[in-house]
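Two complexes follow with chain A in common, the first pairing it with chain B and the second with chain C.
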Partner chain A sequence: MNTTRWHQWTQWKRPTLRGSRNGKSGCICFPVILLNIFRSKVGKVGEGTYAVVYRGRDASTNRQVAIKKIKVGQFKDGLDMSAIREVKYLRELKHQNVIELLDVFSSKTNLNLVLEFLDADLEMIIKDKSVVFLPADIKAWMAMTFRGLEFCHRNWILHRDLKPNNLLIASDGMLKLADFGLARDFSDPGYKMTSQVITRWYRPPELLFGCRYYGTAVDIWSVGCIFAELMLRIPYMAGESDMDQVKTIFRALGTPTEEEWPGHKSLPDYVPVGDFPKHPIRQLFLAATNDAVDLLSKCLIYEPRRRISAKDALSHTYFFALPNPSHPSKLPKCSTVTLKPLDEVDGNVEGAGGLKVKAAQPNRLKRKLTGPDGEAGRSIARKLDFTRQTPGSPSL
Partner chain B sequence: MTASAFDISSQWLFSVQALQDTPTEFSTQKELYDRARGVEFLYRLGSSLQLPTSAMFTAATWFHRFYMRFSMEDYHRQHVAAACIFLATKTEECGRKLRDVARVYCAKVTSTEVTSISQDSKIVDEAQADILATEEALLEALCFDFVVSSPHSELLDLFEAHGDDIELQEYAWSLAHDSYRTPVCILYPPKIIAAACYVLAQRVQDGQNSPSLDARISSPAPSASLPTPPSHKPASPETSRFAICYFGFSESEVASLAEALCILIEFYGAQDINEVHPYLTPIATVPLPTITTALPRLYVPPSQITRQGNNEEPQPTEEGPGRTPSSSHGGDTPSK
Partner chain C sequence: MALPTDPPPDKPARQPLYEASTQFKNWRFSPDQLAQTRGALNKAAVGAIQMTFETDEPGSSANVSFLGWEEEVTLVKLYISKIPQLCGHFRFPEEVEATAISYLKRFYLKNTVMDWHPKNVMLTALFLATKTTNHPISLEAYTTNIPRTAPSDVLDLEFLVSQSLNFEFTVWHAHRALWGIVLDVQSLQPPTDSAPIPSYPELYEQAIPHIHASRLTDAEFIYTPSQIALAAVALVEPDLASRWMEAKHVALNSKTALLSLQSTVEAIKAMITSSGSPPDVEAVREVDRRLRICKNPEKVVGSKAYLLKKAEEERKADEKRNKKAAEVQKAISDGDPFGESLGDASSGGLGLVDYDDDDDDD
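Here is the complex of A and B:
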């Protein structure tokens, strides 16, 4: 095996392997995956601060992919931390409810992540008032969220940025955890971590109080907030500032007593924000079943150690009671599609070069380039030159 | 973890033969000598920056992986070591500012105190640019595989299972540190290296008249069935064979273990044990285990190192091996 690898490596060094252009069809070809790359306005993944997302297609499987192009050179500290985290963790995590990182490759000054293409996120669906959610739909989304999260936690990875717009929805309805730019591993309990993580509305009170030692419970709080948001159709606890967030939480759930959350008053950034009475959580969620309210309140327990774990949540009675969760394919979809459907994109390409010509190309290319160890070629980074614009590609 | 994670890690194990086919044009001995110096430099950077040791081991593994894909003529070991350290601070969540890494780098290269390097001197700027440029090549060489496992976690399991005395643990632990000076981390999985360090530590601790390495790593079957003369039964065989039994190695794994032991011992043997590192003598003089396939000679004393290619760098004679020279040896900046 080693010799094959070596052989492959020497091949890799040859200039012929770098993105060679197929003149006839006008697309950039490169080994193993052949992608047609379009500039398309695919949402602002990563807030557009460090990456541009392109839509492409894996020509060997005809699968849509998203290409997250990250400029390496533009940061004064080299490759950005969030890019590193994303690559580091997504390379390891393979699960049906976690976004799949199909490949990573570097071009001259860019790092390119090839991710599975997902067309919607949960935030879009929650905000789309024309869509009606059934309790069974909410249950299905929650189950998929917990499954993905349980897998991360089982592998000692904290997500640290769960919110509806990081829960992406595939065209077949599957929900997937995405954006691992803040994720980290947490094996060592004595290791100080930053409390400046998780989007404010989904941030648990211990982080708002500056807790530096925490664990999986921080993600569970976020999931609790998402659960509530799915039922209410508006963000459950939307604070305007970090301080206001604490107040909002206490107003919603009552100010915690020392018994409810031992020691919280000695957290680094603890400030008393007033005494708010406790209302039964039930009052706000009138339509929810008892099981749903029970699971929600277990996700929103103040004391992090008593908060339910992802694993226990999955065996909570809520998931076994009727109604059964909807099948992913039956889940409601966003009515306003912000993206051009792929068919249309295909049409453009065909007009430019002809799909059939290209379809034949990758096979020939593959046979020639990958040699005896075609499968394994996946993990080898390849050089590409994205600076050359594809003449046939439409500028959307 | 998952099947794919396994595939990724196995991509990074090379055959011993591959060490002779690296992109570096030097002789293999010269390359390995320079790698050892690079790792020494890397350790020194890491400890000055007070990084956790796990970050240094990750960086050292990358250092070896890098030179399987790029040549030492193109990328100077000190640049690569600094880039590995810098990248490791990012992936291991122990962030250090690039400027700080660059300052420590300059201090080590010029053999001065870090405090004497001013924040905004020109050499720091240059070092920063070099580190960033090397980081790009490093990322490419690593194929963005950031997760690396070290023999230390396996050793911890061993210690826990055996409840050894502290001295043996310290021996094995230090040997595992030193193992990164050799390329064993890209030749064998962490388990094998951990076992090699443990067995070697036991042998050194038990002294010259204890069972040979061969006896310690041989398959248990024959000796268990044969009656052993009572006189020939020192420090219970279970103890001396503990690591092998613990990991339950197969025959081919034991063969790898023997090779790893040979490489480690030869590495120590090539050090200047007479003058600079006399304390290495007990390790360096351990008789090598028998191996089935002959290993190429990887380590020779530095005075005997010949280099192929056209470099006119003077032979480092006065320095102990593994020591980074204070001067930059003419070819400090890689030819662009």
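Here is the complex of A and C:
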């Protein structure tokens, strides 16, 4: 286990502002015992510029929890927007596919979020080349993602930062949407919002063109990218800059025509990036079923209003056709630290022993990869040539 | 609300969104509960402040006339009525205004004005509301536009306010529900007689002042946003409101629910008309004058009790720091920088590690 994942989980979007203010105390008692925080680093599982995540357990139930300690005192405008958003939405959202906020308490100048403890994320699993995905596994992850997302959308909440490492995996295999630091509610159409949201590779074209009026379709695009990534085992459209991202999308899906996406040329930041021909999406996803390809292409429709909704996606034939989705407990898990010698890439294996206690159990269901996929690292994705088949052949 | 005479309602496939909200779960009360909560809070505060007075100088609390909870409510109400003025000044949207008012009211279900003066809490509640509703402005821009207010006045209370709100920042508002009803009544069949059909944009404009008035009352603690909105419509267009209610209940096929809703709407109408206006300024001035004498001296910067309390806190913090340093020292001298194994720690005396530390790893 490396701490990079936690780093990403706790990596908040704003640069920190150093400033001082007198702290407020007044601690709400919460029965959590942190495991040796200050005497060792075992309890500490990750640190970003903004928050530190500790592992602890609830003394009354013995349940493991993650405690995200947000440093508040350093912001000159008080409680930071990301923290407020995360607390605000997680307080309301209770769903099996959304990370559970168990409690919030404050201590001096810190805000502490007590979250359910989740030991892995989808990015770790995608990157772990020793794990093979079956089509049924991908279907299970997609179903859980759509369920969680449909719940958010039903509650008028946009996530705005969906990507594999914000989809956390519980020890029982359940997938949960996490990191609501960029989330916001929406209700009235015609309400201006920022287009600077969603991690680039998962950002829909309308946001890349600076669209300020949008809705649930932005999250659906991200889910489409994640779906493709699960099948390819590498990020599907990995642009190097925002401009390059547009180009990458057009190269993959063909430059949209005015009929396909009416009005896109009038978006604030529209710039023509060239005419790329359209290839049937199936060319790249050779092993995928027709249903899978159909759902994927409905998530990646250029015109946001025609993109499939989370609700409709859940009743798509893909989810009813065979194979049935894997039961969460049967889903592949990350291999253990000892089995994963590539960790030096991330450079940090601190806390490994303490953290992966659970995952270190031998996983009977793990399937060893036999294909020549091992070399397809993330960097290859950037050179993905959409006119040919990919180097890392789809393992679906 | 359904009575036994009703046909058993079909089990709803899903819980209504509103019923999953923290507002529904944690911020609904009966009028009696509200009175009890406020009474108990007030009593506890008076007791504690009396103690402080007596410790400071025995016999000194005898002649102090402490505020009753009704007087506290009146004072808070005055500051609720100031929020719309401030919002007008900043041109904040309605959502900010409504949210700030809810925060202020909720705060005083957990705190008393004798500890925290509503003037300051109001400023913090409004600033917090700008952030929780996605209309953030910089603290500097905020405070420079409010006379005699320093950034610390706002920030110092932000944590306390958030905590009193239980970090439940989402508020469901009656003005949103009103918008929904105004849209929905347009789908009603027009009445058979030749009654004039109301103009809908005007309906909203005429009903919204009643929503504003309802914010000065306890309505939002007792009723749902849509009930309040319906009452506001009923105050403007009673016939339209009853036709809409009936149409909705035809679908439900429930006479008792209709009757119960009608009496709820009447109760809200009465509440809005009777207590939906700002309090008499003279009366509040009198309350505020007495508050100056009976407020908690521990919260008055510079007072004897305040200094005592600070010193006590300082002493405790020192104690904690020393204890922690000693433990670290021990761990190092034990030779293992990671301390003993987890099992020992959690079963032994060291398990209760202070999570209140903000100076170790920042």
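The rule is simple: the second predicted complex is superposed on the first by the 289 of 396 C-alpha atoms of A that agree within 3 Å, B and C clash if a C-alpha of one lies under 4 Å from a C-alpha of the other, contacts with A are read in each partner's own complex, and residues count from 1 in each chain.
Keep in mind that, in the parts below, contacts are C-beta pairs under 8 Å (C-beta built on N, C-alpha and C of every residue); 3 or more make two chains touch, one makes a residue touch a chain.
These figures come from a predicted structure and were not determined experimentally.
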item: Partner chain in contact with A:Ile67 - chain B first, chain C second, else both or neither; value: second
item: First (chain B), second (chain C), both or neither touched by A:Lys94; value: both
item: Touched partner set for A:Asn112, first chain B, second chain C, both or neither; value: second
item: Which of chain B and chain C A:Met81 touches, first, second, both or neither; value: both
item: First, second, both or neither for A:Val104, with chain B first and chain C second; value: both
item: Per-residue touch tally on chain A - higher for chain B or for chain C; value: C
item: Partner chain in contact with A:Val52 - chain B first, chain C second, else both or neither; value: second
item: Shared chain A surface residues [contacts with chain B and with chain C]; value: 72-73, 76-79, 81, 84, 87-88, 91-92, 94, 104, 106, 109, 111, 155, 184-185
item: Partner chain A, residues of chain B touching it in the complex; value: 1-2, 4-5, 7-8, 10-11, 13-15, 17-18, 21, 68-69, 86-87, 90-91, 93, 95, 97-98, 131-132, 135-136, 139-140, 143-147
item: In the complex, chain A residues that touch chain C; value: 21-28, 32-42, 44, 47, 52, 54, 56, 67, 71-73, 76-79, 81, 84, 87-89, 91-92, 94, 104, 106-112, 154-155, 184-185, 187, 354
item: Residues on chain A engaged by chain B in the complex (per definition of touch); value: 1-3, 5-6, 9, 72-73, 76-79, 81, 84, 87-88, 91-94, 104, 106, 109, 111, 155, 184-185, 191, 193, 376, 379-381, 383
item: Contacting residues of chain C [partner chain A, same complex]; value: 17, 20-22, 127-128, 131-132, 134, 136, 138-139, 151-152, 154-160, 162-163, 166-170, 176, 313, 324, 327-328, 331, 337-339, 342, 345-346, 350-358, 360-362
